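Naming follows writing order (A, B, C and D), and every chain is counted from residue 1.
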Amino acid sequence: MTPAGMRPADPVRWPGAATSAASFTFDVDAESAVLSADPGTALRPSVLSHQAYGPLTGLPRLLRVLARHGVRATFFVPGFTAHRHPDAVRAIADGGHEIAHHGYLHETLIGPSGPVDERTEADILDRGLDALAEVAGVRPDGYRAPMWELTHASPRLLAERGFLYDTSLMDADVPYELDAGGGASLVEIPVHWGLDDWEQYCFIPGVSGTGLIESPAKAAGMWRDEFEALRAEGGCFVLTAHPFLSGRPGRAAALEGLIEHVASCPDVWLAPLGDIARHVRSLNLSPRRLPPPPPSGHPSDDDRKGSR
Amino acid sequence: MTPAGMRPADPVRWPGAATSAASFTFDVDAESAVLSADPGTALRPSVLSHQAYGPLTGLPRLLRVLARHGVRATFFVPGFTAHRHPDAVRAIADGGHEIAHHGYLHETLIGPSGPVDERTEADILDRGLDALAEVAGVRPDGYRAPMWELTHASPRLLAERGFLYDTSLMDADVPYELDAGGGASLVEIPVHWGLDDWEQYCFIPGVSGTGLIESPAKAAGMWRDEFEALRAEGGCFVLTAHPFLSGRPGRAAALEGLIEHVASCPDVWLAPLGDIARHVRSLNLSPRRLPPPPPSGHPSDDDRKGSR
Amino acid sequence: MTPAGMRPADPVRWPGAATSAASFTFDVDAESAVLSADPGTALRPSVLSHQAYGPLTGLPRLLRVLARHGVRATFFVPGFTAHRHPDAVRAIADGGHEIAHHGYLHETLIGPSGPVDERTEADILDRGLDALAEVAGVRPDGYRAPMWELTHASPRLLAERGFLYDTSLMDADVPYELDAGGGASLVEIPVHWGLDDWEQYCFIPGVSGTGLIESPAKAAGMWRDEFEALRAEGGCFVLTAHPFLSGRPGRAAALEGLIEHVASCPDVWLAPLGDIARHVRSLNLSPRRLPPPPPSGHPSDDDRKGSR
Amino acid sequence: MTPAGMRPADPVRWPGAATSAASFTFDVDAESAVLSADPGTALRPSVLSHQAYGPLTGLPRLLRVLARHGVRATFFVPGFTAHRHPDAVRAIADGGHEIAHHGYLHETLIGPSGPVDERTEADILDRGLDALAEVAGVRPDGYRAPMWELTHASPRLLAERGFLYDTSLMDADVPYELDAGGGASLVEIPVHWGLDDWEQYCFIPGVSGTGLIESPAKAAGMWRDEFEALRAEGGCFVLTAHPFLSGRPGRAAALEGLIEHVASCPDVWLAPLGDIARHVRSLNLSPRRLPPPPPSGHPSDDDRKGSR
């Protein structure tokens, strides 16, 4: 028998005449992503300036792009970014966009020795909530785990704090209800590495990336193909971009081409994730469970471990 | 004198009017590949969801693609996948496709300190056989080693269990008989890293990949070029794809274009690997041997070791 | 409140009819970059020859390319390069180009255990100044940190030595005044990894690169797209190339296509960085500060550290 | 003063009406490259089969390609390959091609702790010479260091053994005379990582490569652009390919397109490296020296070491 939770997600009926959905999302990591990965970057002004490009230069450009096409997007803002770049965060809100939760210092919740304990995870969530409330007066509906790394405790912790949705998992092409324990659930809106600009553009020496940097033409072309394929099958296209990466002029221009195209498709419902989550909630879908950890007792001879 | 087994494979005569052969194969690794590479991934729900996408979402899509073009394929299913996703595995069989062996937990048989012992390898084979029998009622004809890593003992162990063919080696463009010791042999159907979707698409942080993700247009274009070149020379085109990777919408669309093209070539025999193996067996080819380990006694000064 | 220095850079008014600016810059690292990264390369003649290609073969070709189009560029020359390849450095000056500072042995100022101390940084600056004076009779206006790694002390040390500009930071699309402490400032002309040929072409086994080498068509196409996007927004396009990389024939040909195009745009002010810095200085912009190190006291549980 | 040996190579006058030169070269590494990098690969039959593809399948195909266009090439054959695949090596000679030296077991002469001692290097040279004499009756004129890693002793050791040329350095676009000490010299025919198929295609898990595999269309296009640029400037185009890589059908087809094009250019002298070396020797060029090791005494604070 298939374990509970391992069934495929149900197809989703979209509002009105729409037969598929799409959302542009931006993770405003700025300095938090490098400081969390390596506190030593605090002493590397060039690296800090590379990250500060996001809120200072990339974000205003992307807000102009979105405004030109009348598109509302979702911005995931670590609490640290809100504290360090409050004007940037308020500009997001002023543009009519959704602000959502992305940790405090972009803390990866699962490290080499396993997940952080629940108390640490809860404290990070609360610290992020406090920062968004303080700086932007926002109580976010949505959460995206830094590095898209949820723990098994995350759904419950999020539900306890009143979150409506999470967007960190990768097992479906459409949103679904995710069992959060105790009768609660979250709307889960899936993402994927292939629809993320980090793998295409990010190089921060000693912190992230191999040094390879792809062209915006390649990245935007691949994302457009994925959009068309999801559109044809009733899926939900969620692009994840970062202002410090996709805010660069040539990349923003390529992204604008994609945004313009998606916004021009009458059969596609283009909306912030919060709107999508509220629609999905209204469908009363039966919740699925997190992929359960496998039963223990499997052979784990280190000699057979391998990665490629 | 050339050592036995180091002669080139003989050309293969294909059935009827066919002058070359082709097969689409899918490794349904799902969670097994990451759990085997790093047991800690059991506590990473996002990684598990990335892998579960295969049986839950990618596989049904790929089965629809194959059905649209009337193409039968070969699916290599680790025993763990059969136990965790039995409905998915039964859907493969229901589609008329071949199910073959791919280890139990996708165990790499050769680790940093060398190959596993024969008893371990035999136990894994038997565990995988039991799972396929239990879940799908199948006794597989074919075997593909996880990571394509055979040991020198593998051919004999496979022959002892009645396998007809293996598909893990890389020294020819056509199938051949592989000496399995004691007068037995296996049909070997060669593969190659260049005809594998893993190198083009796979990124699982901390487990596999550098972060680079190629476009389906590039991957499918390269595979098509390789197909045409093999076709022109009477070879056997074997593509290896993974539902958790190539099952994504844009990738599946690119792959469908290739499948449609291959299926439309009247001079190409498109068949599951089992059919190809049975045909090759009927040719009574003279067996070749595994590439022998080189004689020992070579200089092995660590200072001269280098990789690039 | 946004901390001082974290405000976006102001738009820049360009001279005459120009609405944007551009500059081609070359880092003449030659052997210094590998000797600094790994002193053992002194015993690897092939690696040394790979680096010597820059001043010996690539540089003369690039000087011919620039001369054909009447373009003056800026060359960042480590002191060691001046001592080892004095004829090459004098040929740069003879071509009417700007010579600027790039360390002595291309020393990275921030290593695994943090930044070098100020005395070491100052000594390197002075050694580089001495070498450029001795070999080329030049007192440079500009500085580019090796690896673009400034320390928090760099602006003050540069200002104390009379430098007009630095070009190592990444937080804007236009130059700005950078507060150097004590009432002094430097013009900062931003750069970016995406406008650097190293990420596209560099492979030095055991020293740099993964082995991947991109095509000049891809690199030059991506740079041209970035140029057009910066041009449309009044930005300052700064390409960083290396004679040992972009001096190769096919790469120089692709770069020449880009140079020819940029030089043909009447709305673009194409100039050495020194000229651009003098123009920016004349604008009396209000200085910005280096991105400040973040306040300490953040959680730094190693278990949450992660890079991707 | 520029140190001796650091002057650029002189332009080369080509024979007859030719204004540039070209040569296709193949390193027949087969199993030697992996066994030398990691002796443990002796127990990995799949890896061995990946390498054996070269002499067994790729080489015959490439010999057919060359024969179709009447092109003679140069094959660098490690002694171990000659012993293990004697028929393949004799087929090279039978095709009218040049056979040259490439070490015995593809030993990298410079490891993590520095170069091997001269005695070891000399023994490897002699072992390789013995194997080529024994198997193919050949006394090679040319040498290519495995991994293109010469030691400072290599030129003298090669001259003492009567070699006419080496092809391992990277500081010029044309051949030159290389001072080998004691009044002797070698013709040096430069190579480059950008004209090597390894960086485009090679993936051997745990041995070489990141997993990325480029398309033959990209590789061959880049090589053709480099050929055209060298052709326009009187250079010498030397492509380095490996039968276990470029012998794959789609790659061989792309390479054949390039070979056909180069062979059709009446202004290009397409010849084996030995012919090119003999021509260059006839020009009585003044020898250049190996790039000298830099003077010691430079700062080498480990904290400033960095690679990217």
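Quick note on the criterion: a residue touches a chain if its C-beta (ideal position, glycine included) is under 8 Å from a C-beta of that chain, and two chains touch if they have at least 3 such contacts.
In this text the structure is predicted, and so the values were computed from the model without any measurement.
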> Quick one: which chain's Cα centre is the longest way from chain B's?
Replying inline: C
> Taking all residue numbers at the chain B/chain D interface, are over half used by both copies (same) or under half (different)?
Replying inline: different
>> Could you work out how far the Cα centre of chain C sits from that of chain D, in whole Å?
In response: 34
> At what distance in angstrom does the C-alpha mean of chain D lie from that of chain A?
Replying inline: 48
> What parts of chain C, by residue number, touch at least two of the other chains?
Replying inline: 110, 114, 147, 149, 198, 205, 208, 210-212, 306, 308
>> Going by the contact rule set out above, which residues of chain A touch chain B in the complex?
In response: 1-3, 6-9, 110, 114-115, 145, 147-152, 154, 168-173, 190, 192-194, 198-200, 202, 208-210, 212, 214, 218, 221-222, 225-230, 232-233, 235, 290-291, 293-294, 298-308
> Which part of chain C faces chain D closely enough to touch in the complex?
Replying inline: 31, 35-40, 42-46, 48-50, 52-53, 56-57, 60-61, 80, 84-87, 105, 107-114, 116, 120, 124, 147, 149, 198, 201, 203, 205, 207-208, 210-213, 215-217, 248-254
